[in-house]
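Just below is one structure, and these are the notes that go with it.
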Amino acid sequence: MSDLPEDRRPAGRVLDARLHLLDRQILDVDGTPVCTVDDLEVHGLDGSDLPGGTQQAVITSLLSGAVLATRIFGGRPPASRWHRIRWTHVSDVGTTLRLGVRSEELDVTWQERWVRDHVIRRIPGGSHDPG
Amino acid sequence: MILGDLLDAPVSGPSGDRLGYVVDVRFVLDGPLDGLLASPRLHGLLVSPRTGTSFLGYERTGVRSPALLARYYAWRHRGTFLVRWEDVDSVAPGAVRLVDGYRRFSPALHGPV
Amino acid sequence: MKKVLGLALGILTAIGGFLDIGDLVTNAVVGSRFGLSLAWVVLVGVVGICLFAQMSGKVAAISGRATFEIIRERLGPRAGGANLAASFLINLLTLTAEVGGIALALQLASSVEPRLWIPVAGLAVWLVIWRTRFSIMENVTGLVGLTLIVFAVAVFLLGPDWSTLADQAFHPKVSAQEGQASYWYYAIALFGAAMTPYEVFFFSSGAVEEKWTVKDLSQSRMNVLVGFPLGGVLSVAIAACAAIVFLPKGIEVSSLSQIVLPVALAGGKLALAVVIVGIVAATFGAALETSLSSGYTLAQFMGWSWGKFRRPAHAARFHLSMIICLVIAVGVLMTSVNPVAVTEFSVVFSAVALPLTYLPILVVANDPEYMGERVNGRLTNGFALVYLVIIVVASVAAIPLMIVTGAGS
Amino acid sequence: MLASRVIPALVALATVAGCAVGSSSTQADDARALTDPLQQASSAVATATIAVDLLGDDRVTPPVADTALVDQVAVLDEAAFAVTTLVPTDATTAGWQQDALAAVRDAQGSVVAARSWANDAGHGQQAVDDALDASAHRLDQLTTQLQDAS
C-alpha cells in the first residue's frame, strides 16, 4: 500500500490503540460488562513520561469515566477523576477486553452499584430473575 | 500521560516543520509481564498528513471489502507512516516533535490479527 | 417436529412484529393520497431491512457484539456520541408515538379518552420489561400482532377493482394535485417506516439476549427473509384498504380511527374487534422494542451491563434509563400532542439517521477479526453498497423535502 | 454528527414553514390558500358519513364511531383555524373567506349533530345523513368555485 520500508516484525502481538483497544467493551471474569475503554494511561518504566529512546513506556491502566467527556468535548480531566483498571487485571484482548476479576471489586462500577442500591433494588421484583 | 494527550496531536519534524497528526498509537505485547499478560509496550506513533476521521480499520488491516469503501478510506489516509517511539524527541501538550534522523515505516499491520 | 414449530413460531413472530404505529399510519396516509403508487417503496424498504437486520444479526451471533458497541468502537467517542444522541432522540420519538398508539387503540375499544390511557399504557410497558422473559414477550406480541392479517382479508372482502389497483402499483403516476415533492416526501417516510433503526438495535441486541450462536443463523435468516416480506405485504394491504375506500372520496387519513373504518366496512364488528386487538398488540410490541432499544443503545455505548436476561439489579443503569425514557414519553403525550403527528415525524427522522447505523455494521460485517470466515460475500456486499447509496440519498433529501412540502401537508 | 445539531433547527423551520399559510398577495393565492382547508373539511365530512353509515348498519361499535367523529371535529377545527387566520387581499377574497368560514362552520354543525346521534342524543339517522350530504355539497361547490378562480 505504500513504498515505505516495513517495520521489523515485533515479537509480541501488535495492538493499535484506536483500532484494538480504545472504545472496546471490558468484560469481567464472569462476562458481565464493566465499562468501555475510554482512555489509556501510559508511563515510562522508570515512572517518567519522557520519550527519547532511553527507556520503554508501557500501558499501566485502562481509564474510564470522566475521560470520556473530555475525549468528546476536549480538555483534560483532573487526575483525581480518572477511574483506573490496572493492566494487571487484564486477562485477554480480543474483540473485547477480559478481566480476571469481578466487576463488583472495581472502582469504576460505583455508579452501577449506587443506582442498584438506591433505585432498582427498592422497586419490588428488582432482585428477581424475570419470570 | 494519557493517550488522549497523544491522539490527534500535531507532529513536527526536528526543524519544526509540520508533518501531520497522530492518528493512532501502536503498542506491542512484549513489555515486562504484568499480571496475566505482558504489558503493552509503546512501540510507535502512526502519523497521517490529514487529521480527523476514524480509520474504520481499513488502512492497516487486510480488510478489502466492500472494495469501494476500502479504497476510499485508504485514499483518504494516503501518506500515513509509522515512527518508532525511540524517534520521538518530546511530547508537550498538543505537540509531538521527532528527533533528528527519524525514520518512516509502513503503517501496515502484519498478517492476521 | 419441534424444529418446524420453532421455525414457524419465529416467522409468525417476525410478521406480527414487523408492523408498528409508523407502518400503520404512514401506509394508510399514503394509500388515501397516492393509492398504491408508492407500493414499490415498501418493496425497497423490506429488502433493505432484510439485508440490514440479517447483517446485524449475523455480527451479533458470531462476535457476540451488539450494534451500538460496534458503532462506538468503530466511530470513536465523538462521531459515535453524536450518533448516539441522534439515534436515542429518534428512538424516544418513536417510543412516544408507540405509547400514544396504544392509547389511541384503547380509545377505539373503550371510548375513554386517550389521555387517561397513556399512563396505563406506559406502566404496562414497564411492567412487561421489568418482569417478563424476553422470549415470551417477543412471541406473545408477535403472534397477537399477526391478527393484523385482517387488513389483507379486508382488501378481498371490499371487492376492489383489481386492475385499478394494479395500474396504480405498476404504473406509478403523481397526480397534479399532490405534486412531485409530496410524492417523494412520502416515499422517504414509507422507507423510514419500513427501515426504522430501532428494529436493528433490537434485533441485534435480541440475538445477544437469546444467546444466538452460528447454529441459530439459518433460523434467523428464515425469520427475516420470510417474515419481513410477509409483514411488507400487510403494509401494502393497509395502503390498499385506504386506497379503495378513501382515495375516491378525497378523504385524507389523519387519525387512527379512520384507519380501521375500511376493515369495519369489509368485515363488520368482528373484523373491527380483530383489527383493534392487532393494533394494540403491534403498538404494544413496538413500545417494548423501542423502550428496550433506548436502554440497549445507551448501555452499549457506555459499556454498562445490560440485558433482559439479567436481573434488573444486575443491569441497574440499563433499567433506570428505560424507566426515565418511558416517563419522558408519557410526559410528552400528556401535553396533548397528537401521536399521529409524532409518528409522521419519527418515520422521517428515522430515514435521516439511517446511514449512521448502517455504515458501521456494513464495515464490521466485512472484518475477519469479528466474523472469522463468515464475512459478507460479494453478492451481499453488492446489495449492501446499492442500499448504502439509497439510504444516503433518502437521508440527505428528507429534510429539504420536509421543508418544501411543509411536512407533506 | 451534523444531524444532532441541525435537526432541532430544522424542526423549528419546518414548523414555521407549515404554518406560513396566513399571508398571501393575489386573488389566486387567496383562493388556493382557502382550497386546502376546504378540502380538509370535505375529507372530514366524508369520513363522518362513512362512520354514520357503518354505525347505522351495525358494522362498527359505538366507541369507534364516536372516536372517528371526534377526530373529524378536530380536523374541522384545524380547517376553521386556517380559514379564519387568512388575511384577504381585497373585498372579493374577503367574501370568499366569509363563504368558506360559513361552509366549514356548517360542516362542524353536521358532524356535531352526527356525534350526538351516535351517542343516542340527536335526531334520526336520516336527518344526520341529509345534513352531512348538504354540508359536503356546499363545501364541494365552494371548492370548485375557488379552484376556477386560482
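Points to keep in mind about this one:
Read from first to last, the chains carry the letters A, B, C and D; within each, the first residue is number 1.
In this section, a residue touches a chain if its C-beta (ideal position, glycine included) is under 8 Å from a C-beta of that chain, and two chains touch if they have at least 3 such contacts.
Note that this is a predicted model, so its numbers are computed, not measured.
Counting C-beta pairs in contact across A-B and across A-C shows that the higher total falls to A-B.
Core chain by CA centroid proximity to the global CA centroid: C. A straight line joining the Cα centres of chain A and chain B is 20 Å long. Between chain A and chain C the centroid-to-centroid distance comes to 35 Å (mean Cα coordinates, whole Å). Chain geometry summary: the mean Cα position of chain C and that of chain D are 31 Å apart.
Between the Cα centres of chain B and chain C there is a gap of 42 Å.
Each of the following residues of chain A touches two or more other chains: 18, 22, 71. Looking at chain C, one finds that residues 76, 78-79, 369 touch two or more other chains. Because contacts link the chains in a way that matches no line, ring, star or complete pattern, their graph is best described as other.
Here the chains touching each other pair up as A-B, A-C, B-C, C-D. Those residues of chain B lying in contact with chain C across their complex are 54, 56-58, 61-63, 65-66, 68-69, 112-113. The residues of chain D lying in touch with chain C in their complex are 1-4, 6-7, 10-11, 13-14, 17-18, 20, 36, 39-40, 42-43, 46-47, 50-51, 54, 58-64, 66-68, 70-71, 74-75. For chain C in complex with chain A, the residues that touch the partner chain are 63-65, 69, 72-73, 76-78, 80-81, 130-134, 299, 301-306, 308-309, 311-314, 316-317, 319-320, 369-370. The residues of chain A lying in touch with chain B in their complex are 1-2, 4-7, 9-22, 39-43, 45, 49-53, 56-60, 63, 67, 70-71, 76, 82, 86-93, 100.
For chain C in complex with chain D, the touching residues are 78-79, 82-83, 85-86, 89, 107-111, 245, 249-252, 254-255, 257-258, 260-261, 264-265, 268-269, 272-273, 276, 345, 349, 352-353, 356, 399, 402-403, 406-407, 409.
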